[in-house]
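Chain IDs A, B, C, D and E follow the sequence of writing; residue 1 opens each chain.
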Amino acid sequence: QQGEVVKIVRIDPLSGLLGPVGVNQDKSYKFFAEKFSGKGNPAGVKFEFETIDNKLSPAESLNALKAAIDKGVRYVAQGNGSSVALALIDAINKHNERNPGKEVLYLNDSAVDPDLTNSKCSFWHFRFDADTSMKMEAIASFIKTQPDVKKIYILGQNYSHGVQVAKYAKETIKRKRPDVEFVGEDLHPLAQVRDFAPYIAKLKASGADTLVTGNWGSDLSLLVKAANEGGFNGKIFTYYTGVTGTPAALGANGAGRVYQIGYAHYNMGGQMDQWMKEFKAKYNDDFYTASIPRIFTVLGAAMAKAKSTDPVKVAQAMEGLKVNTFNGEIEMRKTDHQLQQPLYLTVWQKAGGKHPYSPENTGMTLVPVADYPNYVSSTPTSCQMKRPAK
Amino acid sequence: MLKLENLHAYYGKSHVLHGVGFHVAPGEIVALLGRNGSGRSTTAKAIMGMVHAEGVIEWKGQPILGKKPFEIAHLGLGYVPESRDIFPKLTVHQNLLLGQKRGGSGAGKGSRWSFDDMYAMFPRLAERENTEAGVLSGGEQQMLTLCRTLMGDPDLIIIDEPTEGLAPKIVELVGEYLKKLKARGISVLLIEQKLTIAMAISDRVLVMGHGSIVFDGTPDQLRADAATRKEWLEV
Amino acid sequence: MEFFVISMLNGLSYGLLLFMLSSGLTLIFSMMGVLNFAHASFYMLGAYLGYTISRYTGFWAALVLAPLAVGALGALFERSALRKVHKYGHVPELLITFGLSYVILELVQLVWGRLALEFKPPEVLQGPAFTLIKHASDGLSLVWGQAAPEMCQAADAAVRVVCSPFPATRGFLMLVAIVMLGAVWLLLTRTRIGLVIQAALTHPDAVEALGHNVPRVFMLVFGAGCALAGLAGVIGGSTFLTEPAMAATVGSIIFVVVVVGGMGSLAGAFLASLLIGVIQTFAVAFDWSLGSAAARMGIALSPALQDNSLLKLTVSQVAPMLPYLFLVLILIFRPKGLLGAREG
Amino acid sequence: MSCALQLKDLRKSFGKTQIIRGVNLAVQPGERVAVIGPNGAGKSTLFNLISGRFPPSSGEVLLHGARIDGKKPYEINRLGLSRSFQITNIFPKLSVFENLRCGVLWSLGYRYTFLKFLAKLDDANARAEELMRQIHLERKRDVLAMNLTYAEQRALEIGVTIAGGANVVLLDEPTAGMSRSETEHFIDLIREVTVGKTLLTVEHDMGVVFGLADKIAVVVYGEVLAFDTPEAVRANTRVQEAYLGSSVAESQAQGH
Amino acid sequence: MPAIQNPSSLRARWIIWGAFALALLVAPWVFSNNLSITILCQIGIAIIACLSYNMLLGQGGMLSFGHAVYTGLGSFIAMHALNAATGGKPSVLLVVMLPLIGGLAGLFFAVLLGYVTTRRSGTTFAMITLGVAELVFAMSLMIPEFFGGEGGISGNRMTEPFMGITFGPQRQVYYLIAVYTFISVAAMYAFTRTPLGRMLNAVRDNPERVEFVGYNAQRVRYLAFIVAGFFAGISGGLAALNFEIVTAEVVGAARSGSYLLFTFLGGATFFFGPIIGAVLMVLAFVLFSELTKAWLLYLGLIFMLMVMYAPGGIASLIMMNVRVAAFGRLRELLGHYLLMAVTGVVALLGLSALIEMIYHRQLEGAGAPALRFLGMTLDGGNALHWLAAAAVAAVGMASFEWARRRFARRWHVVQEYIEHEIKKREVAA
């Protein structure tokens, strides 16, 4: 136990569309693996970390998984690309079934597809991000407080992530604000649209005053730019404004109108500020994937509790585990392994005052306008989990 | 004004010309005869800098060996290849247009030749002016290459088997026109199979065998010299 | 009505964007027959160089210098690599540009990093060129530049007023595209370059023997094509996004334009880009799907069928794919392309 | 009995220009016909119409009494008509042997099969070998066609043309670009490989024409000016000024 | 061109195929860990795919940008078949037949789409395939019913045990794949020796003339396209079994692109070229990207150099030397090769050290720890390390160029000699 080495391998893109995101998160892992090793965690284990580039390809991810397992790795992390997540959860289930005694745990830091903790939920999978439905709960709760939101338009990438955002937006918001009207919905192919002006024109024609989108990367930046130029000046609710690359691309665009829902933001204060400063100093890059330190916190606690680093025991220990992290107590819900945590709704605007931290030297930041404790954003699950016999 | 001395030429590894030497004077028609494979076309290509060659080639007193084909062309040498090499996708007119050298835009300013001259020479071409050269008949293509080169306004024109695939009547015609060229002060180096026409129009005949010149004299001398004819020309 | 106008403008400007992207390719692809897969990469290069240069010289100088730089690089590539491969035929030509596209992408990321850059258009081009105002009662009107906010909301809430600004960047983009059209057109018609190249494709030796410096012409044309890509890059980069993925997203669409337009036809490429731009833009406006069509025709669908996503697929969703459909159909029924001179 | 090949008022225009203006011709089986005429008269075009390279604008082409106009080249070829090209047209990246075998395959009924090994097709291979001997290219058996000399390529062109054993053969300037000596033995070759077949050949070399043909068709401006025995044609004054010019005599003189 | 140049020696052929079979047999025992066995599996799959692709590119002169459509759809259909299998576990028979099902699927779609694509040739053909590929890929994300959307569709290949076979263990799957690979390769080689196979070459060389020897060029292309589609489908089916999940990427343009690239790299003009290509493809994607962050850069550079200096692909390089050997002049070149190898490695060391340092700085930021490179530690902060690397690179390149020149001269001599010999033999013949 003490001084034991726990190897974590992350299977994530370092190249291609989400490469920048993956690279940033790779650094974050390395950063915190150091921080949390030895004294840093109650179990006193030493964390070692590396990323295997899966080029956002499920098939490649399976190779990576095999490679990791050959190296005797028992803890696998992943975040970008629901496709990869779904492939991994499936492969890991199979592996663990076929190789008892060699089980592998899957620590999910940012894949937000609700299926992973509902229809496809698995004992071996733990999600530290908040899934699409939870984030939508929060958005809806916020919209509830915004009487000027009357007509909502939904625009998304035509793949599971985008589709789900649309689905939950309609359900959840209708529930909390029966009076709002959904005036339009559009799905466009992932990273194919070069010009969003037509969508904006359509959106304006529909008379919408609010836009909800799950877009990320260039699909988001281009959308916001087009919205500005097209003279749409309603609110825009997003999931991924903070993701690497987008802030720089946004610049001053959409200041005061672009909202992001997340489980953390740039100005959490306290210890988090320390970390972000250090991170910035070390890598000249912005740390924003706050689920990563939590993964280490929870792992450490669970290992201490289980007095072992064996994945099965650790998994059992993690179930229902409550720990304190940078923003209060969080719980790994036993029924579906979805972390229950506070969420923050933030808005994109000039940095400064109480909110000095500015990502990618844009002079802008995300300022919290509302935060939601665990119970608000918590959503029910349909998960029937098969657990290995103790 | 064209002078070759001890010229050797190679295709990759195979050594084709073994010390060719002859000259062409201004306003002279010189016929280069010989069997297939004797190296006549290679000589032409060597002059135009299209095959690797060693020795001496002088044009208007300056050495041109080792220059690039387009440079040599700009010095006033014209070449009509035996493989017709017309540009199939371009119209007849465009083919002729390309004949003109850069700068020489507009139908031959200062050039001895205009489009009209060409069309006058071969009315057939005038009729086909705007059809794709690729569909021209074999003979028409032959005419086209000849005209295309003339448009470049050369002082010496090297013609490789111009009468190939031409109707007998046209063959005579070509003969006539070569004389006309001469009249306009253009020298001609004529590579031929058909003895008759060669003998008829040329001032001097060269006979080539196994990559070197084996006879150099007037047509009459050649007529007289049965031995050479027997050995190097007839079957 | 105002929706139609705006959409039309969007369609045209998008079409012109496509043309701007593909004009260089038209030059190279249809003249030299080289499937230059790196064209989009040169476009990206243009954007990045433009960004850097503009930091020192300002946007307008960059607008000139960056394309020249890209053109030079293109020429260099032609001279040092492509030329060697030319004699082996089109597949090797294609593959070497393919390899080049990887290299450029990596180099760009090494030099400028993997994140998007904030490449702002100059002040003049920020903000709208003009604004369309649709007043529920007194109809459609147009004001140049930004419309004053009060014009955009009526005194009493009952009257609905919509202001649709038209970004200056787009206007500029359209302008440049037109200029490019002119430039390339002149190049092809007023000079013999087009002829020389086409001829050289079949009989390079013969063309040289006629006194044309073929290798140089090839190099110039390739360079010119790349320069055009570079110019497009500076504008595209500042109007849209300057990021490593920008090449990939343009990727194959530009081939669609060239091929649909017809090999060797500049006018064709122009027409094709406009068509694709407009079609795609308007397609976005339609939410019809097979399902809804069936419903309209009174065909009752079983619930199962009703949420069969193929039937639910709306026109607007497939809009970005339409160009490819267009491509396939054109090539099958009119392999020469819209105004094509010859078949591939 | 029906003619081997018959053309009825055959016409072809490209765009506005009419190239073939109502050609009528009847070739009896086993006849050797030489087609002569000024450049651009339409000889090759005629061949193209007969062999299905272009469809005629109007008129009929009958092969052994059956209409073939408008059919595709491969259909016509399967009916036993084969043609060679004025500009050599073979399979550059295949060996001499493979070229010939490709010419043979269909006629022996192997069609598109991919269930038989070529090596096992004894008849086809034997035939190809024989052809190779006939055109004197045994030595170049495995040389790629593109590496052959011009004359050899011409020979291969003929070989591929007759490989399918067609009984009506059209040759477009077979001896073009060959020296006298080569021409000589090439004519013998043609004679030898076309015994019992119907032969149409385009030629400008009067030596060849008069040496080879039983009958001569003179095509001028897309019309048949004369179709008769060599003697008669040579006598024909109109033919002389339209085509032969005064050089006939000489061209024969140098003929042998 | 047939792979074995001189068919005269039947024995040679037996040896080659025997060796191939043996290699397939023992491979998983030589490379026995988990990963390497999956890699072997993927190599087998890739071999079939690339060979089937080369039917189009190398033998038919059809440049396709959409071959993944046929491998991919093969995978999907196969996977659906697997899942359709009686709720519980599939039978051994089904699993064994699955690749064939994939093959039939590939064949079906080739019949369907090929009809329109093969109507044209040359660039037009290429562009149609490009369009079709883009459309199919777009569809794959828009129709989750069939393609399973983002997550794709997964299945379980584990069967009821049958004489110890469950196809759970990777090794068992490997042998299934190996068998299919061997049969497919043999079949595709046989195809090149059949009338259709040969006419396909003829169509590549000169479609017009083909029509004048009784063949319909379009039909030939179409049939070949279908056959290629069938084998593509087989490899797709195997892939489905191997990964037990099929996602949209398998029909993606990237996949099609790599078939083209690596088939060419291996050598499209020789039958066995694509096999080499396939091996490289898998290694490149699975291992290379592990080795270095700069793998894309290297890949790009390698392609450019290969295309420039070995347009015939690796296979052609091999065959050239085989020819030299056949004329008994190989020995005198070996020294040169060795020399070039050594100097080349040095140059490579220096260059890659530089590249790696640059990337390291770029990705990890200045503050990042020094990078480990082949056992050495390179510190991006330390100017000396840069200088050292640069120096090594310079020396390496210089000496390599020198070695190359010497080799080139020798090579020229040898070739001349061979040309000469051939001429002599011709005359002798």
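Methods note: contacts are C-beta pairs under 8 Å (C-beta built on N, C-alpha and C of every residue); 3 or more make two chains touch, one makes a residue touch a chain.
Listed by chain with UniProt protein names: B, D = ABC transporter ATP-binding protein; C, E = Branched-chain amino acid ABC transporter permease.
All values derive from a computational prediction rather than experimental measurement.
A.B. asks: Give me the step distance from chain A to chain D, shortest route via touching chains only.
C.D. replies: 2
A.B. asks: I need the common contact partners of chain B and chain E, sorted by label.
C.D. replies: Output, common partners of chain B and chain E: C, D.
A.B. asks: Centroid of chain B to centroid of chain D, CA atoms only: how many Å?
C.D. replies: For chain B versus chain D, the centre distance works out to 30 Å.
A.B. asks: Starting from the mean Cα coordinates of chain C and chain D, work out the distance between those two points in Å.
C.D. replies: Computed from C-alpha means, the inter-chain centre distance equals 51 Å.
A.B. asks: Using Cα averages as centroids, what's the distance between chain B and chain C in whole Å?
C.D. replies: One centre to the other, that is 48 Å.
A.B. asks: Touching two or more other chains, which residues of chain C qualify?
C.D. replies: In chain C, residues 317, 320-321 touch at least two other chains, as defined above.
A.B. asks: Applying the document's contact rule, which stretches of chain E touch chain D when the two form their complex?
C.D. replies: Counting only chain E, the residues touching chain D are 7, 190-191, 193-199, 201-202, 204-206, 208-216, 219-220, 223, 227, 426-427, 429.
A.B. asks: Which residues of chain C touch chain E in the complex?
C.D. replies: Spelled out, the residues of chain C in touch with chain E are 33, 35, 81, 84-85, 88, 90-92, 94-96, 98-103, 105-107, 109-110, 113, 252, 255-256, 259, 263, 308-310, 313, 317-318, 320-321, 324-325, 327-328, 331-332, 335, 343-344.
A.B. asks: State the interface residues of chain A toward chain E in the complex, per the touch definition above.
C.D. replies: Touching chain E: residues 14-15, 23, 27, 52-53, 55, 57-60, 62-63, 66-67, 69-70, 81-83, 86-87, 90-91, 94, 98, 113, 115, 120, 158-161, 163, 189-190, 192, 281-285 of chain A.
A.B. asks: Considering only the defined contacts, which chain E positions touch chain A in the complex?
C.D. replies: Its residues touching chain A are 33-35, 38-39, 42, 138, 141-142, 144, 149-152, 154, 156, 158, 168-169, 239, 243-245, 247-250, 285-286, 289-290, 293, 296, 363-368.
A.B. asks: Residues of chain D touching chain E in their complex?
C.D. replies: It comes out as residues 51, 72-74, 77-78, 82-83, 85, 89-94, 98, 101-103, 105-107, 110-119, 121, 138-140, 143, 160-161, 163-164.
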